[in-house]
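Listed next: structures, encoded as structure tokens.
First chain A sits with chain B, and in the next complex the same chain sits with chain C.
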Partner chain A sequence: MSYSDTWLVVPVYNEAEVLGEVVSEALQTFPNIVCVDDGSRDDSARIALNSGAHLVRHPVNLGQGAALQTGVEYARSRPGANYFVTFDSDGQHQVADVERMIDKLRADEADIIVGTRFHGDTSHIPWTKRLLLRTIVALSPQLRTLQLSDAHNGLRAFNRTVGEQFTITHNGMGHASEIIAMVRRYGWRVTESPVTIAYTEYSMAKGQSLLNGVNILFESLLRTSFRR
Partner chain B sequence: MSWLDAVPALVAAVAWLLVPGVLSSYALGLRGLAAWTVAPVFSTAVIAVSAIVFGKLGIAWSASAAGAAALVPAAAFLLVRLAFGRGFSPAVRPDQVKVRLAGWLGLLPALAIGLSIIVQGFRTPANLSQTYDAVFHYNALRWVLESGNASSLALGSFGSSFYPAAWHDITSLAVLSSAAPLPVAANMTTAAIAVFMWPLACLFLSRQIFGPSIPALAITGTASVAFAAFPWGLLHFGVLWPNALSFALVPIGVGAGLSILGMTTQGLLNRTAAWVLFGTTLVATGLAQPNATFSIAALLLLPGCHALVSWMHGQHRAGRTTRGLLGGAAVLALAVASWVFVHSLSRITSVKNYDRWQPFQSITAAVGEVLLNATNGRDALWLLSAAVVAGMFFAFRSRITLWLPFAHVGLAALFVMAAAVQTSTTHIFTGFWYNDSHRLAAMLPITGVLLAVGGVIGTAAKLREWAHTRELPSRMRNTRLISVPALTGALGALLLVVTTTWYQNWAVESLRMTYRAVGSSAETLVESSEQEFYSRVDRVVPDDAVVAGDPWDGSAMLWALTGTHVLFPHLNPSSGNEYLAEHLNEAATDPKVCRLMSKLNVRYAIEGTSQYWLSNPGNDSYPGLTDLSKSAGFELVEQQGPLRLYRITACDPELASHTPEPRSGA
Partner chain C sequence: MLIQYILILGVVLLLVLFLRHHGTSRTAAWVKVGFVLFVVFSVFAVLRPDTVSVLAQFLGVGRGTDLLIYVIAVGFAFTSINTYLRFKELEGRYAQLARAIALRDSRVPEHTAAAGRECGSDDG
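Now for the complex of A and B:
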């Protein structure tokens, strides 16, 4: 199946070590990839370009949320772009998972599909991460209402309707909560799709620290409190 | 007059620059930073256009008329949005609160520094700009207020031809809505442009380029008032108030253009809003001072070329090579046709051939001045210049900023051409700005502010990187003190300290040279004693009478300051009054003088001491206004030191037989 109508949006910040491999592998299935270099100090930008991806560079470091927003803005301006995927650059996400998500979108089962780590066996997920993510879901009325089990999974796929309305204002890691808020605000049809996250030594070292997770948790609590 | 008394005029000027525009931008669907930072464009356009429309319809210019006009575009935008729904509504959401706060709070140092420069530089809010062009602008304001016509189609030579009147329109509204004296309103409008409008415009462009970056937005305000060439340079030289207004709009036009070209980082405008804003900016700059329109075109040249080449490349990749080539050729043809058309306009030709300002330094010196932001002989701004140079280096990181160093070098080249070369070839490029090194230098801060901001943040990132490679204890390495925002804050604070203590002095001193009430007569057109004398003249001269006087002795300002009409409202005579400039003192013997006096209702004459800018040949244009005391038919009615007011009796035998006692002032 051709995925020429699908764009992978890959936020990049100092990922020179693995980026080339991640992009090259994804390009075998998805011909359209935009890497958003968020002010990397290493060779990430050059590697992204040499790998055959489109490259957009932030003039200054803004954060992952901002990189996603920039990438989606770029992708939706490209002719023929109908489906969009947010895809991490550290090698955690699997191309096969993305294919399944796009197929579901094509079948019009949802407007946005969020990857979840919590369908089936979860023993490969580090217990601290599991505990934190479960706590965030338990404390979030929005996630409970939408019946989402893994809101902070970076792998998401959505159609043009969502792509047009997609506006993240949180520059940093709080964007995941903001995406969930947008789902409710715009009434997007949302569903989950089981995905496998590869917890390699590299991705564990590069991924969100526990402190970041606590920050997200705190921010989610604040949002909930203010809404009330 | 105290500064407290001037506050209503300042508030009025700021309100007229912002409120009409905010109505329009909100009606267009903009919110947050976008709505407020672009507001001056809509305000300037709606005020200047409505002045033209009212002029055509014969409706008197007033605050209420302009206020009503401000509602028209706002209502139109609302109606169009209602009619077309989401298709017209900008879908761009406002930034996060903390991003907006960074921008707004970053303006506070700019406000403090700017107002400090204004207060120290003007000394008092009513001080006059003692400059050549100020005579025209003050009297043009008086004409607007008296005639009730603020149209750009009529302001030239006060009622007969086109002169871009946006600045006069806004300032007249400040007068009408605050009841402030004319010089106070002019000064406060100038302050509003320099201290409020320009930093807001820079904030908009900075947000367009750097995206929702808190460090970038936080230091943009300070950077915007740190350059000497603009806004302070144009308040010193000229004085170029309309050009100051127009240049302050340029960052908004460039920001809108970048949105159209897709060259922003999460821009604040969608394409529809960008086109509306861009078009409005062209109207606003065209009616403020058209050379800013060319500034916008010059600054967007490289981003435009980049966008065109990217589009053609995209077409080629998509297998539509022919379409790409044809599109590129069409754009090039349009650009060439526009260039040829512009050059064929007689008004443009006369501006381009302007050669009053000759080159005054070597190319090397001019290049050095650009590098140190010391253009036109100013003090070097070392720290700021280092930030700009660093910014040029860091700008190569992203296609969004890639054009900035090249545009800055391009603007620098224009300055060098005007300051150090000037040939018929260089005039092709610099002529749009009168081949004037001051106007050209004033454009450098437009790119300079952005490069300085990029330089400070890039340096902060490098410092952080350096700190992380040092063998520091992990606690110190991971502290938030060694983060990019914190280091940017530290560098920004350093810039702030240097700006307030060192750079500020030049700006203050330059304004003081221009806005002086006392000093040597060579530099002062109207001294405070002369202002006092003119008040007495106003009490003596009937409302409908016209007073002749050598404008170079300051009497040209009599009209602006008191409302008493003068024969020579400009420093140079026009064809209609030229004969009287040469022969008025021959009234008793030359019947043509009496005929012209009767036609122009000239009944009084002032004689003072003309010491202002004696090297200017225009000073010798008024031999007919000299030796009036020795001329027949001139009756002394008021005197204060060397200043004398005569009633002209030469053409009226009845008046000649009645000789009242002259009154003397202190």
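Now for the complex of A and C:
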């Protein structure tokens, strides 16, 4: 099946080491990839362009949420874009999982599909990470109502309706909770799809630390309590 | 004690004020009024510490100095919230600016650009 109507949005921040490989591999299935270079200091931008991805470049570092928003805005302005995927640049996501998610979107099963690590065997996930993610879910009434088990999974796929309404205002890592808030506000049909995360040494070193979880918790609590 | 109610009420009011009416000119005006009141009170407290002590006793606080500390504490909380919200707003505008520049200077990969020139479209 051709995926010429699908855009992969890849936020990039200092990922020169693995980016080329990640993009080349994904390009074999998905012809449209936009890398959003979030003010990297290394060679990420050139590598992204050379590997065949579209490139938009923040002149300064803003954060992952801002990068996602920029990427989605770029992708939705391209002709023929119907499906959008947020995809991490460190190689932890699998192309096969994305294919499955897009097929579900094509079947019109949902407007937005969020990847989840918590289906089946979860023993490969580091326990600290498991505990953190579980706590976030337990503390968020929104996630419980929507029956989502893993809101902070970077792999998400959504259709044009969601793509048009997509507005992340939180620049940093709080965007996951913001997306969930949007699901409620706009009444998108949301569902989960099991995905495998490759916890390589590289992604572990780069990934969110446990301490950053405190930031996320604080931001999401603030958002739930005081809606501006 | 009276002061407890006043302090709690003050903090709650400030929170509501900023979380609901932030960024409007009305809020900005209230901030200025609050600041002027604070200055007047401070000068008064320096000149007539005894009167402040009487006021403090009436409110259920021991000394005038303690009352002043309470007022400063609330004022500090108020400033912190204000600064926090202001930074958030600024951050949002900053992001919009950076995004506009990023989108304007976007680059398509070589092969797509070439195909686009030939067929006038880049999807199959």
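Rule of thumb we're sticking to: the second predicted complex is superposed on the first by the 226 of 228 C-alpha atoms of A that agree within 3 Å, B and C clash if a C-alpha of one lies under 4 Å from a C-alpha of the other, contacts with A are read in each partner's own complex, and residues count from 1 in each chain.
Just so it is clear, a residue touches a chain if its C-beta (ideal position, glycine included) is under 8 Å from a C-beta of that chain, and two chains touch if they have at least 3 such contacts.
On a predicted model such as this, the values are computed, not experimentally measured, just so you know.
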item: Touching partner for A:164 - first (chain B), second (chain C), both, neither; value: first
item: Touching partner for A:62 - first (chain B), second (chain C), both, neither; value: both
item: First (chain B), second (chain C), both or neither touched by A:73; value: both
item: Chain A: partner with more touched residues, chain B or chain C; value: C
item: Touched partner set for A:5, first chain B, second chain C, both or neither; value: second
item: Where chain A meets both chain C and chain B, residue numbers; value: 56-60, 62, 66, 69-70, 73, 77, 79, 169, 171
item: Of all residues in chain B, those that touch chain A in their complex; value: 91-96, 99, 209-216, 262, 265-266, 314, 318, 394-395, 397-401, 454, 457-458, 461, 465, 484
item: Residue ranges of chain A in contact with chain B within the complex; value: 39, 41, 56-62, 66, 69-70, 73, 77, 79, 164-165, 167, 169-171
item: Chain A residues within the chain C interface of the complex; value: 2, 4-5, 31-32, 36, 49, 52-60, 62, 66, 69-70, 73-74, 77, 79-80, 169, 171, 226, 228
item: Residue ranges of chain C touching chain A (in the complex, touch as defined); value: 15, 19-20, 22, 91-92, 94-95, 98-99, 101-103, 105-109, 111-112, 121-124
